[in-house]
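In what follows, structures are represented as structure tokens.
Both complexes below contain chain A, partnered by chain B and then by chain C.
Moving on to the complex of A and B:
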């Protein structure tokens, strides 16, 4: 090893595994590299480390005292023992101390099943408690916003206080009192109301002290299925986990991605998921027969539609949803091109942009839909106002083919599409002017399909299906791809990757990208050409 | 030396202090190099009088040289260890002794600003010090260009709000910055990143009071008292069951038994000494048969306890040891800042168990639990408050187990009701 390299890295062993880490690496991070999870409460990779929970104490050979792994930096030659007799005894001690005042109300606590106190106690705690004294009672406090505080469950890790101070940079929480009377509190009833980052304190609370009112008693953690996804509610594209029980999305949780959202997400995105669970979805393809929409099989529907569309050359006006996947939007573009081309628009609600001060690459973006960038790159232009209304003038009176994807046409005039030769509606619900369509094709939402969004910074990120599709709904890229193969003789895409692979033909930005290589954290556009 | 002018109101004034040789050490120091002053203090063997006994000159030498940053000297006058009242008397009677020490110390470590963080309850000492600081500013001993030396030495008196933990040096820094008085993790050490994230040295009042004498007379002169490793004289605060409680300045290494029985007059007539706490409530308790030991840092450690800040609490045979320990642990539970789990939960839990034992509802297994809780509270936290609460518990159970056992099983309906 050269002398310069020797300066930059230090060698150590963690539980007997020898390896090198960059100089300045904290022991807890070094251990994580070898797959050793050192139990901890106050440490959080997105926050400062006060080393106060004393849970991560490890033995370092030659050191007189146990060291807090969250602040102690690895020195060259350190022999770190995370599971020595002394370290285990210290952790057992801390766990016993934490349970002195912690109520054993796991059966009614929302955190149960994903609680660090529960997990560590089960793994390393004493089999029986020795406490014979009464516990301290603090009770429940409404912190405002979506946050409810169960003081008795608090382990005083102060992650929430530090999040509000360091990341939200809006100090609304503080420790008051001291000793075992110390408690997290708000300032004079001001609370967390109005800060859109507040719910992150619920995520980082290692126990059930801070819980979400929205999720309160809705599901047990172990009953939830978790699927990696992308928040659909603005162009930031926060990486999230969709948490589902009984085919209903119960909550959204941020999924760490250092390039996009760190460990965080905003309350606007987090709490705006009910539409995914809405009922009244279109469950079967509908075809207009004698003036009425009648359900039909997919094969009959698409055969009829292909026949109706083939030979149309008066062009297409399309209206798409900025919540639609890149693959869906590409399929619309390709179909429109096959039918003589024509302009397409999307409509999006917009509002104030709110930056997270301690992690400024994350903001609630002003465009409140996930795939505005993707729509723009694939040739759709913005129409309508900031409420996502209007802008349909060109499409509504068009006399060629009208193709609508995902836009519910709520505000469209009653005769929208009446003059068209062919009106195809691909969407989730049937209402308003969508009822004028000749063909109604039920499609899936982002939560029901595999696909990708392109975020505001030009990062293409994948999402995965979390819930069952309603009825006969299919992803739009699949519906339109099969339709296109019936109009012009090309193979239909079988997988979302096939649909994604065609995007490069429509926009050079996507050129050379491969769906399978996007991974769980996405890739910037044109990454393969850099 | 330190207490020479106790009881002499004239020594409080600048004029009176100058007449007693005051500020000659400051004049001398300003004419010397900083290195020489630090070397002289190192040579004297002076050790921190706040309890830890760290060599003062060595501590000063940790400060960066010519760093270009603002340096600070903090004087820890937040004397709040139960049983301690030496700094209060030093400030009440000889405020200029402290201020002179502060100014010399600040000069030596290139600090242009010294804060004296004084305990909130010390109203009288605060007024006396505040007046003395006004005097030194008027006389040009402090402020811009002190005595024409070209050095600025500011001195600020900061009144605490009455939390024990703010006497812990990093807790003191947090408090001075306006934060909650919570100790911080070391490293970084104060000499690297202290108050306001600047290089800082923190010294106890008594330590700084000794500095002018060392500067005036030299390090070797100071070594004439005490033992090889514990040099000089020290103030001992004696309280409890002795005939003559009070502050005594004796050379380090003085025989402890002789001190208690001869100097302080021993226990009241007809009583015998049962236990002694030699260094403030944070140190292990000694039983009466362990007193043949020198009053210096090393000897006390080899006797299984610590010299601490020299606060001697004497308890005679009428003392209820369990009650005393419970009172002390209550104090620590009340004063724990609440950051570290073992301290926050351990002190309060131990206090509850001790209360139950005191009320007669304890069991023998409670003693084992207490010892184990104490073990889990020792050496596991950011500061040593938790260790301080554990020390009297373990040492008293070890040395006075019979006292505990006598209470076990003595519970009555009345004590149950009051519990």
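Moving on to the complex of A and C:
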């Protein structure tokens, strides 16, 4: 940054810690930099701040009244006290009012455990309520789509109304009535049905007023293990956390990344996770012996496969899944090159692209699989139609080696692979034409392994294992890497970083990138950085 | 020296006491004991409890196998909030929540492994709806180990009174 463009800074003190922030920083953000979390409801970093919940009141020395930290900007020399007697008293009063009509149904509320009203009341609220009057009762309203509204739990922060107005730009929610009768409602029963960004209001709701029907009563917040990951359902590559209980993915939640998805994600991606929990997976490597597939140990399987593959030079036709990681696709490419080269295809379902108007770099992309870009960069070409079917003719009639990675082959003809010399199937479930394979190798899904996807904008993003692998399944990069080291004399990759490091040889786009440097928010491809 | 050793055939440091005949005789003590025996025959002092026909009264704080309270219509009071499995130090409670036909949250599966349970009573203490209780009960015998995993039906059909960590006249401890 040159000196002329240097931002002006102002100095301030938050709870006794003096530091400098850029001019125009809001007090709540300044406090967050010192690790002080000022309680707040209506403020959300992705939305405008109306300063209406009055929860973030802090004392500023010299100011006559308490300041709302979500809109007040830090002035030079401000001494901000977030926990002074006056501030605490004001916030305790706000909490008491919020609890006037709150049903206190935490035992049956889905937000329990991640609820800001619970947290702040425990931290700063009164130990006992003083209300003698009966509580106002609104009841439950179905807002359409995946969203259920519990009016009694609402604290009227209007984050949901502002999200629909400012970010989704599809005003479907509004505050109706006034005073203690005020309630969030939809227009004319149309509800949120049909807006694919609607579930974000569930994420941003600080209390249990808006809950997801899909997640209703499914798991408690404190039972969930959270693993950073990447949404696999379109090429956007939204950063998510996989929330898991008892080895089952319970829900997907967006993980903030200003470069990719902001704070948001679409309902298509969010609700399309059941396939990760599918049962009936292949649990052991299978080898064809006397016409039947026989389970075998990994070492026996890979030794036999290496012997069968060594010396094959008729080339390879591969069919890969665009849900596979960069490392997996690179391993397929390298194996194909070692066996005489050959073309590879992937098939991807596609649909309409839906842009989020208030954050236009985020869209539900038309290709509905995470790693289409990675597959294209690593030399695989698109085949089939927009339903993800067809396009297998070349592989079907091929008489060399056929290698399938992750594709279910649902629509392949019954004799797929019968003409080939060697048919290797690396995948998750054994069905249809996969039963014709000479070798069936169980591989992991993105939720069970470490690896990376390349999104539509050329950003390489890592994901981490969230659930246990079924049976003897292994990541495909590991299976194929060990196999390749048995065919040609090269070391097998031990870690996903080793597999990632070889991608630069296959596509210059990956050259110079290091897996360890991708971090939690990913890095753009080498060429797009220049 | 040598003669004394031959006479007594005793260990070196034992000192013999010289006592009068009437004190050294066992007859007196024997008669005393027999007198006590006869006294008890006439006026018996009962110590043995005739279990299982008779039973000791338990302390109101005795913590035994669990009881699930239920509503009048037979539904369990449990709302599947998940606090008891969270607080259970022995990790012996399994809970799967769901929605019943009236739209209420309820436990689809609620199981307590009484073998793992350490009967600390924290499940009862943490329960926000006064549903699960430890009971005043100590007779646990089963033909199989599996039977000690009490499911919801079994917990609701337990007949023993609940432990008084909780005062029935003041259910919400207000």
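Heads up, the rule we're going with is that the second predicted complex is superposed on the first by the 519 of 530 C-alpha atoms of A that agree within 3 Å, B and C clash if a C-alpha of one lies under 4 Å from a C-alpha of the other, contacts with A are read in each partner's own complex, and residues count from 1 in each chain.
Following the convention adopted for this analysis, a residue touches a chain if its C-beta (ideal position, glycine included) is under 8 Å from a C-beta of that chain, and two chains touch if they have at least 3 such contacts.
Nothing here was measured: the structure is a model prediction, and the numbers come from that model.
Chemist: After the alignment on chain A, I want to confirm one thing: do chain B and chain C clash, or do they fit together?
Modeler: fit
Chemist: Between chain B (first) and chain C (second), which does A:156 come into contact with in this model arrangement: first, second, both, or neither?
Modeler: First partner only, chain B.
Chemist: Tell me the contact category for A:106 with respect to chain B and chain C: first, second, both or neither.
Modeler: second
Chemist: Can A:68 be said to touch chain B (first), chain C (second), both, or neither?
Modeler: First partner only, chain B.
Chemist: If you count the residues of chain A that each partner touches, which comes out higher, chain B or chain C?
Modeler: B
Chemist: Using the superposition on chain A described above, determine whether A:216 touches chain B (first), chain C (second), both, or neither.
Modeler: second
Chemist: After superposing on chain A, what angle in degrees do the C-alpha centres of chain B and chain C form at the C-alpha centre of chain A, to the nearest 10?
Modeler: An angle of 90 degrees, rounded.
Chemist: After superposing the two complexes on chain A, what is the shortest C-alpha distance between chain B and chain C, in Å?
Modeler: Superposed on chain A, the two chains' closest C-alpha atoms are separated by 18 Å.
Chemist: In the complex of these two chains, what residues of chain C are touching chain A?
Modeler: On the chain C side, the touching residues are 79-83, 86, 97-99, 103-105, 128-129.
Chemist: Chain C touches which residues of chain A in the complex?
Modeler: Chain A reaches chain C through residues 106-108, 112, 140, 216-220, 222-223.
Chemist: Which part of chain A faces chain B closely enough to touch in the complex?
Modeler: 50-55, 57, 64-66, 68, 71, 89-90, 93-94, 96-98, 100-101, 130-133, 136, 155-156, 158, 175, 177-182
Chemist: With touch defined as at the start, can you tell me which chain B residues reach chain A in the complex?
Modeler: On the chain B side, the touching residues are 163, 165, 180, 185, 333-342, 344-349, 352-353, 356, 366, 369, 373, 375-376, 379-382.
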